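Just below is one structure, and these are the notes that go with it.
Chain lettering (A, B, C, D, E, F, G and H) follows the sequence in which the chains are written, and residue indices restart at 1 in each chain.
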Amino acid sequence: MTDPVQSLIDDLHAEADRDRPTEETPEVGIVMGSDSDLDVMYGAYEALTELGFEELTDGDDLPEARFTFETYVVSAHRTPDLMDAYATTARDRGLDAIVAGAGGKAADLPNMVASLAYPLPVVGVPVQEKSVDSVIGMPTGAPLVAVDAGKSFNAALSVVQMLARAYPELEDRLEAYHDDLRAGVGRVSRDLHESGTDAFRERR
Amino acid sequence: MTDPVQSLIDDLHAEADRDRPTEETPEVGIVMGSDSDLDVMYGAYEALTELGFEELTDGDDLPEARFTFETYVVSAHRTPDLMDAYATTARDRGLDAIVAGAGGKAADLPNMVASLAYPLPVVGVPVQEKSVDSVIGMPTGAPLVAVDAGKSFNAALSVVQMLARAYPELEDRLEAYHDDLRAGVGRVSRDLHESGTDAFRERR
Amino acid sequence: MTDPVQSLIDDLHAEADRDRPTEETPEVGIVMGSDSDLDVMYGAYEALTELGFEELTDGDDLPEARFTFETYVVSAHRTPDLMDAYATTARDRGLDAIVAGAGGKAADLPNMVASLAYPLPVVGVPVQEKSVDSVIGMPTGAPLVAVDAGKSFNAALSVVQMLARAYPELEDRLEAYHDDLRAGVGRVSRDLHESGTDAFRERR
Amino acid sequence: MTDPVQSLIDDLHAEADRDRPTEETPEVGIVMGSDSDLDVMYGAYEALTELGFEELTDGDDLPEARFTFETYVVSAHRTPDLMDAYATTARDRGLDAIVAGAGGKAADLPNMVASLAYPLPVVGVPVQEKSVDSVIGMPTGAPLVAVDAGKSFNAALSVVQMLARAYPELEDRLEAYHDDLRAGVGRVSRDLHESGTDAFRERR
Amino acid sequence: MTDPVQSLIDDLHAEADRDRPTEETPEVGIVMGSDSDLDVMYGAYEALTELGFEELTDGDDLPEARFTFETYVVSAHRTPDLMDAYATTARDRGLDAIVAGAGGKAADLPNMVASLAYPLPVVGVPVQEKSVDSVIGMPTGAPLVAVDAGKSFNAALSVVQMLARAYPELEDRLEAYHDDLRAGVGRVSRDLHESGTDAFRERR
Amino acid sequence: MTDPVQSLIDDLHAEADRDRPTEETPEVGIVMGSDSDLDVMYGAYEALTELGFEELTDGDDLPEARFTFETYVVSAHRTPDLMDAYATTARDRGLDAIVAGAGGKAADLPNMVASLAYPLPVVGVPVQEKSVDSVIGMPTGAPLVAVDAGKSFNAALSVVQMLARAYPELEDRLEAYHDDLRAGVGRVSRDLHESGTDAFRERR
Amino acid sequence: MTDPVQSLIDDLHAEADRDRPTEETPEVGIVMGSDSDLDVMYGAYEALTELGFEELTDGDDLPEARFTFETYVVSAHRTPDLMDAYATTARDRGLDAIVAGAGGKAADLPNMVASLAYPLPVVGVPVQEKSVDSVIGMPTGAPLVAVDAGKSFNAALSVVQMLARAYPELEDRLEAYHDDLRAGVGRVSRDLHESGTDAFRERR
Amino acid sequence: MTDPVQSLIDDLHAEADRDRPTEETPEVGIVMGSDSDLDVMYGAYEALTELGFEELTDGDDLPEARFTFETYVVSAHRTPDLMDAYATTARDRGLDAIVAGAGGKAADLPNMVASLAYPLPVVGVPVQEKSVDSVIGMPTGAPLVAVDAGKSFNAALSVVQMLARAYPELEDRLEAYHDDLRAGVGRVSRDLHESGTDAFRERR
């Protein structure tokens, strides 16, 4: 019987050795400690999709989009060797940044991925409130940046802000996204102000 | 397409320039970071209404009441320019005090409104328990006063206490409100004491 | 032997009965639970003095300043009757607002003073970090506004913001104070920026 | 119109002046800040009833039991004068100890009752977890003893432990109550041990 | 070699068997988990001494005072058998109440002593802030009352409040102690108020 | 009437005196403060069963498995004498290690069992989040090791890790358990990666 | 008299209008809420200097280094207009990323700068432990990434990781820095292991 | 230039391949994240030495003691490959258990070592209070047991308790250590009790 973890490790190393052109590799990696984290980490999927990224699976077709991302479950405590392989091959597999989420009080995955994938930037997502301290608390010399508990959407926005230094078209997408958000606030504010509190609440 | 935020900003500045008599301008401004805060901030509406204030909307009719208030959604992080316009025009638009509420751990709206609307007094309402620290934590020299999480009703009472220094009729309304509250406690206490615990509980 | 607490209570009631003109009574009362709180509460003294208020003592001379304040130690737990007398006579003794500070986890003084002096506005000052919850946590219908732990300076600024609704000259003093504060930031910022970090630090 | 709070205050003073024999007065007073605290404070009722106390209401019949208790709602912040009357008359009305419960972060009722009813012993019950600090945090010289959040049952047991110093029959009742409790643990333990975990769980 | 713990246990049982008259036995027991807790627990000694109690040692002379207390170090985790002997003999050795203090997060001593000495009332003293939860958190049916971290002085006052139900002369001592405390507040308050803040501070 | 607790205590001492061969005695003891803790403590049962242990009840048949465990309810505060008997007889009854769980803020059971059963290793399970501090906070010299709140499954795994030092076959079982766990992560990770986020989520 | 804040604002706008080539503008901006934050924020200076960046002051000479940074004090609450000018001109003044630090519980500066400078990436540095929540707590749609309290060194490393996406030579510098750090751990580990604990400690 | 980390990794693998007899290999490994943790982790050294263990260094002489331990610095975030080598070779290098300590909020070392060295038992030592959550918070299936912050002494005692299952002479040493500790409590208790509080305190 094949070991499913070892086969993933082998694939990651094979991919790192293929030396693909940057257009064919994902810019962003999304990893999480368990598939039970997926509902929280789905925000990163939504943000990237909103900004025109497509997910690169090992399925049949390559995405048409210029910018892509990949998604894995990697457990620091149950599969430390898979985590090691994922993170140490990240740069060679073409990634520019990683969004890493984990729950629990000992949310070690983002921290260990940041240490192993260094110098790639890693944005840590505490999947639960109680994971914040563990994710944010890196010692001097071991960089990781974090967002608030559950804010995987913002983590992905931040990653795109980083990439926009090198790819100006991403800056335009970020602006367009923000203009929509801002217009929404403006419309709600006028509605509340002009309708009055009671009329506004009834209508909701 | 018009920018809904810019159009609100323009309206605020236009209003500030109109130089209306104080009877036609709202004494109290209620602002909140998102319309999802409205259920919590509704307490401020209730308290002001209870004390005879009416809401000034941009609808057709001016309220008949001598004392009025206005309500806006203003997001510190998604519409910082609207927040700036709201707060810096507040005094010229006739406001005497502001009740500002925001949720999340980074509940910056009350603090920034207090800084921008200075020297108008601002009462900050932490919309969630986790917003308390962020709202109350102003540095020396930057005044803001706060109520407890969710206590927008008390925030509005406090604002009326402040206004009552200049408008004595408001003091009478505050007393009348309090007499009712107090009588309610008295009636319940006698009922519990005379009925006994079990009879009182059954009847509820 | 006279009871020192009863003699204070008698004086407070006598003062309340004198019905002095508002120019001869203090606008602001500063109370604290113990004289060990005085170092923290001194900020309120500093802010009021900075804004041209003078302290009204029972000494020989009336202050020349138009706006004055008074200072007392009142313990909720050791002298509840003195607290009652202080707060229930506050309005009749001419006060417009009270700054009340207390330490410990059961910092009841500001809350009880706010309840007893109602409808006068009371700004609560938690003297220690652990006093914040107790000061801010008033139930619906019992208004009190709070500042952060130790921020008695801001509490006094807020009180003057309230008074400025009725006394416009106070608004000018608040502006002048703030302009100084702001200019200081500007000067430091330019110095740091133009000198560079190392040169700036060495000079400090 | 009569003020319901003043009429209670008058009754409390009248009762204090009646100088009844100790057999006709309640040994224990139960007070709470609001009738919304009653579900939590019901534990004190249960414990006293369990130990043979009866509630003394102002209804028609005097209880037959030798030991009795009374129950009131008293709000520190909405009816400070009622609280004052309740606590300062407590000893003259025959009480030996008070169980006082309050909720919120500013749970001042137990503390103020302890200060006003001194030297009667007062057991404070934090009605919510967030009330614990406020209840327990009394300064040196102002005694109050506390139980954990919601543990009004234990508060009443403790009060009976105190009374048992003077009334030995109460000690026997405390022993009998405890023997039952202890036997229950013994029976469950043997059942679990002999049935095995799965069989025990299925049967529940 | 004699086991110093066993010899203490033997002495406690011997004392319990002697059946001394109540005048010759200590009313109050003070126990602590370690002699490193003594500085904090010294407050209980001070309060009892202030109220006329004397310490009963195993030295030559019996104290002259009518009310006495004893002091022991008893470690729940290092000498559980000594703790058991201390607490289960407490009633037979004549104690009316126990003040038990312990530090650390697992401050089990007060809780275990309360369980073992039941139905004697036990006042728990958390020796450190981090000990509060462990001391106060007893389950329903297992009574213990607690004071705030470090407040052994108040714990002893509370114990005397309990004893005063049976010994009225203790009530007078409690009143006298409190009158002094209260007079001190009155004198300081007048001094601050009449001297003014600056003069008062300089003099300190 | 027999005292159910005393009869358990008698049984425990009788068992300790029987001096059975180690094959007939349980290696692991599971104790909890209340049967309401059983849902949380069931994880220890599951882990031991998963690793081939069987529960030794006082029922008819001895388990066939080489390694066994026993389960008891023992309350530190309601049955301290049962706790004492359970822990002090543990070694003589053949136990090699104990998993002890308790809830509440004063979760004293694991700590006291560790002190009384010393030098047997005890793994403490905080049954609620608020029990963690009380369980973990043992003073220097009184060893206890703890797992996170609710992690009784891990507590049992840790106990088997300890036993595996003496019984190498247990090491193989631990490896086999872990291989399964690890393979599960591998399969889920490949499925998510190859299906893509949306397809994976829909299928769940 | 010139307003020192307005003159800084004017300079910032003038700089934004100059449209300098990217080689002459700073890549990284360091801002802090007060010069009292400088000791904590000095870590960002150290990290950037360590990686070959030079500080761009308004002094005489342009730095020779290819990569530069600038430093300002900007107070959200005392100079909101300066903060606005700083952040909204950041992109036009050539910045690629900002490290923003603030202290206190209401550490609004990083958050507001992130909102105003969007879509530039901003790394927030909580200057005190109590600032962490306020810095990290941004709502969905308003990206900011944070480091732990005081970790300005790591914030600067993270910013360089971001820039390294566009400037590969920075990646080499990051690697070189890390190799040194890592070698230091190796040397210490061997020293401790080979010397033994006591010899190693004595030598320190 | 040799990489000091790689050379350590090579040594660890070489040692694992040597297949030494168990008498020549250390039973216990002590690892910590930084040599700045050594003062806290020194407790483990003290406990093992107290119980007759000797430290095995790479120095000239093999210890004479039957039981030995080794000490390393291993940083999870700066040297993840060294941590991997240390933990995955642990069993083959003869270790029976590991005491792993780390500080900071992201104290990942104990957790990762436990995952990588599985099924060896690992006792985690949070070097700071803020490290507790991160150390204790392992997910189901990934066992680690923890002691309280700074309690490395107890961690080592616990490890010896585990080893005593296989080596009965260690149980005797544990008993002897405990008898001393216990006798110390007994002597202090009698001294305090018989001398009286004041005499005892003076003498200290």
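Just so we're on the same page, a residue touches a chain if its C-beta (ideal position, glycine included) is under 8 Å from a C-beta of that chain, and two chains touch if they have at least 3 such contacts.
Only a predicted model underlies this, so the values are computations on that prediction, with no experimental measurement involved.
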Original post:
In terms of C-beta pairs in contact, which of A-B and B-G ranks higher?
Top reply: B-G
Subject >> Identified repeat of the E-F interface (over half of residue pairs identical), from A-B, D-E or A-H >> reply: A-H
Subject >> Inter-centroid spacing, chain H versus chain F (mean Cα positions, whole Å) >> reply: 23
**OP:** Could you grab the centroid distance between chain E and chain H? Build each centroid from C-alpha atoms only and quote it in angstrom.
**Re:** 39
Original post:
Where the CA atoms of chain D average out and where those of chain H average out, how many Å apart are those spots?
Top reply: 49
Subject >> Junction residues of chain E - those touching two or more other chains >> reply: 34, 78, 105, 136-138, 141-142, 148, 178, 181
Original post:
Name the touching chain pairs, would you?
Top reply: A-B, A-F, A-G, A-H, B-C, B-D, B-G, C-D, C-E, C-G, D-E, D-F, E-F, E-H, F-H, G-H
**OP:** Spell out the residues on chain B that touch chain C in their complex, using ranges where they run on.
**Re:** 43, 96-97, 118-121, 123, 132, 136-138, 140-148, 151, 153-155, 157-158, 161-166, 171, 174-175, 178, 181
**OP:** Show which residues of chain H lie in contact with chain A when the two form their complex.
**Re:** 33-34, 75-78, 80, 84, 104-108, 111-112, 114-116, 130, 133-139, 141-142
Original post:
Which of the residues in chain E come into contact with chain C in the complex?
Top reply: 148, 178-179, 181-183, 185-190, 192-198, 200-201, 204
Original post:
If you look only at chain B, which of its residues touch chain A in the complex?
Top reply: 3-8, 34-35, 38, 42, 45, 55, 57-59, 70-75, 78-79, 82, 105
